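Labels run A, B, C and D following the written order; every chain starts at residue 1.
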Amino acid sequence: MSLNLTTRQVGDVTVVDAAGRITLGEGSSAFRDTIKSLVNQGHKKILVNLGEVTYIDSSGIGELVSGYTTVSNAGGKLKLLNLTKRVHDLLQITKLYTVFEVFDDEAKALASF
Amino acid sequence: MSLNLTTRQVGDVTVVDAAGRITLGEGSSAFRDTIKSLVNQGHKKILVNLGEVTYIDSSGIGELVSGYTTVSNAGGKLKLLNLTKRVHDLLQITKLYTVFEVFDDEAKALASF
Amino acid sequence: MPNSESTPEILHDQHLESTLASVDASEEIAKSVAARLGFDEEEIYHIGYAVREAVVNAVVHGNLYSANKRVHLVLERSAQWLQVTVEDEGQGFEEASQADPLAEENLLSQSGRGILIIRAFMDEVTFGRSPGGGTRIIMRKSLPAAP
Amino acid sequence: MPNSESTPEILHDQHLESTLASVDASEEIAKSVAARLGFDEEEIYHIGYAVREAVVNAVVHGNLYSANKRVHLVLERSAQWLQVTVEDEGQGFEEASQADPLAEENLLSQSGRGILIIRAFMDEVTFGRSPGGGTRIIMRKSLPAAP
């Protein structure tokens, strides 16, 4: 699979470290299922680290938004960490930059929850 | 991909001929996307022919149900045609046999819409 | 001939990555072991199906597809049964607190049917915890009567 | 040197199956053609991205993954531009009737951003119909200035 996910717990925040490509297919499904399972298991503070994500297609962007909605609907928060320039540009083009809380410092991101 | 989909229009009914396995991954996603796209394009009478489907996992069953709901919510109808014994048994076990309208004769299925 | 208390024989023991490829592989492994033990076609299908669902749950719900987590798959046989154990490195779960997929209000749910089908297809199913606190599912199917 | 009205040169012309493997293949083909034409890394990424999105739409919305339908991918160059054409065998669609992904009420939609990004990444984008009534999208990007 071209997307690598690793989940770690830092205090009460769950950090999902993503690496590779989030594109239609196994990548976007794995991302979606992971967020869903976390929410199912009661996790409400989710920080998605996109620092190693080199590519997100429009379907992957859709899964970021769905994840955001799923977590919000469960009374939690999903925030983003470490956008590459390419991912940053995509969020600008799609006006999602204003929707997501975005951090480039993990400590600050963790403290913000 | 282990699932083969073919779509054909018979009068105002769209028949989706499925063959192979509907399992978590590209199979279940392709099935979901196809139903969504059909509904998006205004198709409201959808007959899913499962005659050549040898295997559906629980995720695939979930996509059948989602497809049913998506079409119903759009004011349409999704019905099933030609269940193999294995698929029939799965719908029994999950009590979905009562939810779906199921046919084993295409002409009758088409006339029922 | 071994009696029911004899040590089971391990037929397969493998740590798999948390990917859908591992799901396909597990189903194939289970089916070929079941075939070797003389199960009939329908039983082989049932065993493969149950193992697929258990490994999907381990990958998706347990390990969250994590690259640093493995799924442990063990197949063993005793004189009476084939036993399949699937362990993940997740946080475990309580079967009793899951929604009942047969309840009227859940019939149209998109998910939640895996364990129901595993129970329908295997003779004995027990949930427990893996050493690390993740989920362990043990599934047994009685061996076919010797011909 | 050819002028702008000269016949474009066809660099690639292929009929692809309606699968995600074709999507990956199309992106790779577009990127390697773009690299050969001297586009820089960022432009190559943009061209590959736009082609991926166009082929996803052809596979998913146009051909509905159908085993009996093909996606037609053509890359050509003139003196001024690289042009990519993607055609499907679907029923076509009206761009104007699609929801605006930038409207406040659609910002949280799960889908509907592909064409927006295609337009952002390519210089000229035109939708039309393929001979069979499906969708034809033509995307152009100005060639890099000769060094």
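Things to note:
We take it that a residue touches a chain if its C-beta (ideal position, glycine included) is under 8 Å from a C-beta of that chain, and two chains touch if they have at least 3 such contacts.
Given the structure is predicted, the values throughout are model-derived calculations rather than measurements.
Steps from chain A to chain C, minimised over paths through touching chains, total 1. Between the interfaces A-D and A-B, more contacting C-beta pairs are found at A-D.
Centroid to centroid, with C-alpha atoms defining each point, chain B and chain C lie 27 Å apart. With centres defined as mean CA coordinates, chain D is found 44 Å away from chain C.
Averaged Cα coordinates give chain A a centre that lies 32 Å from the centre of chain B. Taken residue by residue, chain A touches two or more other chains at 24-26, whereas all remaining positions touch fewer.
For chain D, residues touching at least two other chains, in rising order: 20, 60. The touch graph of the protein chains shown belongs to none of the named shapes. Applying the touch criterion to all chain pairs gives A-B, A-C, A-D, B-C, B-D. Contacts from chain B toward chain D in the complex involve residues 1, 4-7, 16, 19, 26, 30, 33-34, 37-38, 40-41. Taken in their complex, chain A has these residues touching chain D: 23-25, 55, 57-59, 61-63, 65-66, 68-69, 86, 90, 93-96, 99. Touching chain B in their complex are the following residues of chain A: 24-26, 29. Within the complex formed with chain B, the residues of chain D that make contact are 19-21, 60-61, 64-68, 91, 93.
Remark: chain C residues 20, 23, 45, 49, 52-53, 56, 60, 101-102, 107-111, 113-114, 116-117, 120 touch chain B in the complex.
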